[in-house]
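To keep things simple, chains are lettered A, B, C and D as they appear, and every chain counts its residues starting from 1.
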Amino acid sequence: MRVLVQQGPFDLGAESNAFAEGVRGAGAVVTFTGLVRDNGGAVLGMEIEHYPGMTERAIAAMMQQAQARFGLLDALVIHRHGRLGPAEPIMMVATAASHRAQAFAAAEFLMDYLKSRAPFWKRELGPEGATWVAAKDEDEAALGRW
Amino acid sequence: MRVLVQQGPFDLGAESNAFAEGVRGAGAVVTFTGLVRDNGGAVLGMEIEHYPGMTERAIAAMMQQAQARFGLLDALVIHRHGRLGPAEPIMMVATAASHRAQAFAAAEFLMDYLKSRAPFWKRELGPEGATWVAAKDEDEAALGRW
Amino acid sequence: MIEVLYFAWLRERIGVNRETVDTKAATVEALIAELVARGEGYALAFADRKSLRVALDQEMAAFDQSLVGVREVAFFPPMTGG
Amino acid sequence: MIEVLYFAWLRERIGVNRETVDTKAATVEALIAELVARGEGYALAFADRKSLRVALDQEMAAFDQSLVGVREVAFFPPMTGG
């Protein structure tokens, strides 16, 4: 299992291949990639603040929970911080399991936890300045299903 | 939207990158990759038979359903047939949507339909010969949730 | 004249993957009855109706469906894709 | 002495991202009360308790939790990762 918290971009394809090739005996690999939406030109970019140290700890804890709960064979989380342009990848999750149900569930579990329990704060850069992204009630509610 | 039914291997990473870069305005991209499990050496490979013509039609129909239902911005299905070795990728699905819930749901929907409604038949090659893979009740049941 | 296709273990039991059948069968059911009468391989292939699926012109169909206007009938076990 | 960190709009309202605070506050609540007394920026930052989260030594915590042995307290709004 691997956690990368970094400022620079990552290569979704290269990471996906390395992850899939590095797992032994998996039948299912799921990846999720979050991208900066441009909302029809209204978003010029994004700035992501984080809490160094706690971020890595919080994500590692989620991954251990996911592994125990869904019998994961492996998992990967990459999350960027700093300034990002429109359509740039923000983060990715990859999960590997014997069967598809576990791989999907673990990826969704990790995403729900990353949204609301990993110390990142997003600010959208629009034509009229920067706005902190508000946490959504539905994201908090999504945790209720686990 | 693109369907590829092919004998040769595909490059998960290259396909993932091309897919993610080709979608405009997406916030979420999910990929699923199915691999030949080796079951601790019990599986020496796999042979996949399919129904040329119907396969492409059936998959295209599923993709249109998924697009309408989950508001997909794009989708990709690649499925191989013929002879595959252990750990080789069998197939992949990619979905792109504005938000993660739709991208995940659409990928799971497509996987459930591909398992039970796309005309492929798998045969596992083991040390004692070839065995047709039996359809699982749980795969049929999985369709019930949509 | 109808083109009949067989896949997976149905193909293996019958011994061919496709054949042209001269038939006046009005439904899938009637066609199966004709085929079963051809011999042991066919009888074995069609024995377990719960494990049998049929497509008419590449669309999934029911056994009581009419063959009027149908050019291609395919018989196969439950699919195992993905 | 406790290291206090602020993130996102709490950091902006207070004007610093971290500071060392000489305090005898027994709980998070008590620490917040001390900080709020420091001025308008702090008062504004801590005004909406529903939008406030706290971590003690990098673990999420509740406002009534004790500060005994704690070296690092972080205040921030609900997280928006992923």
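Remarks
Rule of thumb we're sticking to: contacts are C-beta pairs under 8 Å (C-beta built on N, C-alpha and C of every residue); 3 or more make two chains touch, one makes a residue touch a chain.
Please read these numbers as outputs of a predicted model, since none were measured by experiment.
In the absence of chain A, chains linked through touching fall into B, C | D. Separation between the centroids of chain A and chain C, computed from CA atoms only, is 48 Å. Chain centres here are Cα means. That of chain B falls 26 Å from that of chain C. Residues of chain B in contact with two or more other chains: 34, 100, 111. Looking at chain D, one finds that residues 82 touch two or more other chains. Of all possible chain pairs, those that touch are A-B, A-D, B-C. Interface residues of chain C, counted against chain B in their complex, comprise 5, 7-9, 11, 55, 58-60, 74, 76-82.
Residue ranges on chain B touching chain A, taken from their complex, read 11-17, 20, 24-40, 87, 89, 98, 100, 103-104, 107-108, 111.
Put simply, chain B touches chain C in their complex at residues 34, 49-51, 53-54, 57-58, 79, 90-91, 111, 114-123, 132-135, 140.
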